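I've put the structures underneath this note.
You will see chain A twice below: alongside chain B first, and alongside chain C after that.
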Partner chain A sequence: MSLVFNRRNLIQSAVLGASAAALPGSAMAQARARIVIVGGGFGGATAALTLKRLLPSSDITLIEPFDQFVACPFSNLVIAGLRDITSQSFSYDRLEAAGITRIADTAIDVDPVAKTVSLQWGDDLTYDKLILSPGIDFRFEALEGYHSGMTGRLPHAWKAGSQTLWLQLKLQALEDGQTVIMSVPPAPYRCPPGPYERASLIAHFLKTQKPRSKLIILDAKDQFSKMALFKEAWEEHYPDHLEWRGASNDGTVVRVDAEADTVFTDFESFQSPAINVIPPQKAGFIAERAGVADATGWCPIDPLSFASTLQSDIHVIGDATIAAPMPKSAFSANLQGKVCAVAIARIVAGMSPEPTVLANTCYSYTTPDEAISIAGVYSNAGGKLSSISGAGGVSPLRADKAIRNAEAAQAHHWFETITAEAFG
Partner chain B sequence: MASIRLAVPKTAQSGDIIEIKALIQHEMESGFRRGSRGEVIPRDIIVRFECSFEGVQIFAADFHPAIAANPLLTFHMRAEKSGRLLFEWTDQNGETWRDSADLEVI
Partner chain C sequence: MSLGAMAVAACGGSGSERAAVSEASDTDVASVLVMACTGCHSDQSGAIASLNVYDSDQLRDALLQYKTDANGTTVMHRLARGYSDAEIDLISAQLGQDDVSP
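Showing the complex of A and B:
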């Protein structure tokens, strides 16, 4: 159990450490800056709370159109019918109580020269510093036959909410014996082990509810996160309910036909009433409008402050960034939100940002009560993000069930801690 | 034995342009990579692909070390009569792999 407290402490101590590093506080307490944050997910909400704490006299504005945030971590349990979606939902009440102004609107454009953000309904906002935490958008054009109007027929469920429930319904409506199809995109995408956790839990659902059905994963890659651990779990738990096909085994989906409920690889076609297409991805669209995304569709940053390397006075955090070796995860976004907030607080108080240590842990469920994890520790010194070798690691192979059960319990603690950190 | 996948329409109208896909599972080891102990991993690549229809070559390609693993080729032909397509890959040591597909023109 010590592992639990270590990792929980890691999240919390990062803030305390960051705050301590930000001293002396008097310059910050008096600094008055207009800071606008776009996107109220794990990155944006954390950055807003941290900035309000560090710069109490400044105007901190969060632009987020939805009143409820629906978390992606643990949403695979919802898809498999093992968790209620209300447990995934968080309001912005605590942020507003802390003095953060939330505007329920969508940022549709950024003028990085005039330093303004345009909203869909409201008046333009002027900023001294802008933080973009826009998450992901889908590259619909990257898959032949696919477009944004198909997400009802071929749900992605890669942004949690109605899509999560839609995929859950499709699985429940399945007739026993019918095949489920999942299409996994090439890297990079949000949550590298996410598709394989989802596959595990869907296979569990089939094994217990539709025992003559199976899931086929069509993957555009040959290697994936925690691959050996997942394959071990699949062999043990789902030999008849899950089949994985990698890119070199004709696994890459190249075309979809939503009307025919069919996806195509180069050599075969697969028809199913329950197809989960996880599309190729890019940074949320406002990143493109602001000119902070490069030709890859993602946002290059200075890892010391998460300042965009393409536009001044704009910072980018979370899934939208190019932050490898840090993965695109809620944990990464949360820590990047803190590091970015501390860096901005130092800058507006006349100090320069300082290097620090970042970390990430991704838990994945392989059954409802067993989980595996991968952890990394990173430095942002020297102008780049780098893994600190010898720190972090993955769960052991061929481990006792008690270890898997303990990690499942740790995952629950992790979820409670990180959502409390971000949303209260 | 390398695994081969072919995609050829079973039937076509005379005069149709048909799409043909051919994939072979092969490491295509470039010879430029090093192993964990710093040793050079020796080159092991396919160097030639040929496709013929009823004995007439319709497509051929030379492969070099920059070609990715599991090379997939897509090309087209005009279907004019029924017959057999032959596919052949040859590696740097002269080893060959063959497969075939029949096309019926209706």
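Showing the complex of A and C:
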């Protein structure tokens, strides 16, 4: 049966009253499933709010240890001193007001057979459906000499918050003429164009505040997102303040020495008081504990519902998933949260998830008032996520400044909209 | 009584009740399709258009124009090319404000 509420028959049922009980929408209204969500980022917060709306009688519990979410998108502006970190921070007040139970604790284990989640401090939780939106963790072991205790000396700033401010501080403390180093990992990682937006804005900071300094990007890849557009912007704006080295030009960082403020490629070493090591990545650790991550460290999913293909009744959304060609972005996580919530609501009400069309848009700043974008449209039919041919793509090369300015303004509007949708 | 008139009667036409209807708990095809739109478009107008001010014909015309303009380079051109005409019809009907126009 596929008859469900839409706006028109909602109005009709409001008028007709009694017939509403026969609709599956009513099954959703009455369903009393226990749904636990781990991770209060763009994916988890959105899934929680969407589920509470679709399944108002169900118990929706969000496990998130931090009282404030600090958003990664736009945090590169904070690093470059162009934005206050308070503009990046969001509370869970609206989620709690909507009737979502937030537990300020860390999920440390999942038993997919007993269907329980263990918490660091509190009692185990039992679920009917579990959504993991754990974001990323770092593969410290993938870089020789690197470990988790070094993130103060070699900040990653790839999870926003104190790390963001720490990298900002290191840039501000730089003496004019000193070099800044950024190490970029191999794909896949959170926010494919993120390192290059960061590089642009750091170069802008150097150009305007430490004009004898420059940034060297050491990259484990030869190709990257929006590459032609970034390179065009760099040639125009930062010819003296930014140098990019790809993998085939000895760009891959293979070893770090935090004590010596030095990173090593195969043939060279680079010393700087401001080194940003963006480490190689994997799904947030709870994914491994739950048995939903595969040998790659990421989580395979059924794209129709974002159900794990490895465990029953566990869904995974956001950066932790293997969802290519959808990128690991806030937009993707937010939309996956909604699509996953719809799928779970339908399953709980005795219906099947239906295919849909998904999309993504990512803006990147190249200067404080110019931005470029990439967009994609995806089908989740036929058991896989696939790009819809003829759609998507990047901003035009050699565009008027007005186009870059317009996309910068759109980026700002996007940030306001998506954070309001996810957190209120 | 037409559907539109019923909607006005049911909603009283006020902004807050209008919002309550447009946020109804839906999981049908159209409701899920438009979930991609609301990541960028809110009820606030600005650098990105608010969708609360267009009727479904206006939305359909705009989306079809984005889709078929081979030289268009905006984000909306790039996105609209990924949707079939039937999907554009569903999206336009879902987001259009026909029901609540006085």
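What we mean here is this: the second predicted complex is superposed on the first by the 400 of 424 C-alpha atoms of A that agree within 3 Å, B and C clash if a C-alpha of one lies under 4 Å from a C-alpha of the other, contacts with A are read in each partner's own complex, and residues count from 1 in each chain.
Just so it is clear, a contact is a pair of C-beta atoms (placed from the backbone, for glycine too) under 8 Å apart; a residue touches a chain by one contact, two chains touch by 3 or more.
Fair warning: this is a prediction, and the values are worked out from it, not measured in the lab.
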In the three-chain superposition, say which chain, chain B or chain C, touches more residues of chain A. C
Once the structures are superposed on A, label A:345 by its partner contacts, choosing first (chain B), second (chain C), both or neither. second
So in the superposed three-chain picture, is A:66 touching just chain B, just chain C, both, or none of them (first/second/both/neither)? neither
Look at A:267 in the shared chain and tell me whether it touches chain B only, chain C only, both, or neither; answer first, second, both or neither. first
Which partner does A:247 reach: the first (chain B), the second (chain C), both, or neither? first
Return first, second, both or neither, reflecting whether A:121 touches chain B, chain C, both chains, or no partner chain. neither
Chain A residues contacting chain B in one complex and chain C in the other none
Residue set of chain C touching chain A in the complex reads 3, 6-7, 10, 21-33, 35-36, 38-42, 44, 46-48, 73, 75, 78-83, 87, 94, 99
Tell me, which parts of chain B touch chain A in their complex? 5-7, 21, 23, 25, 69-70, 72, 74
Chain B-facing residues of chain A, complex: 247-250, 266-267
Please output the residues of chain A touching chain C within their complex, sorted ascending. 2, 4-8, 10-12, 14-15, 25, 28-29, 53-54, 56, 331, 334-335, 338-339, 342, 345-346, 351, 354, 356-359, 361, 373, 375-378, 388, 390-393, 395-396, 399, 403, 406-407, 409-410, 412-414, 416-418, 420-421
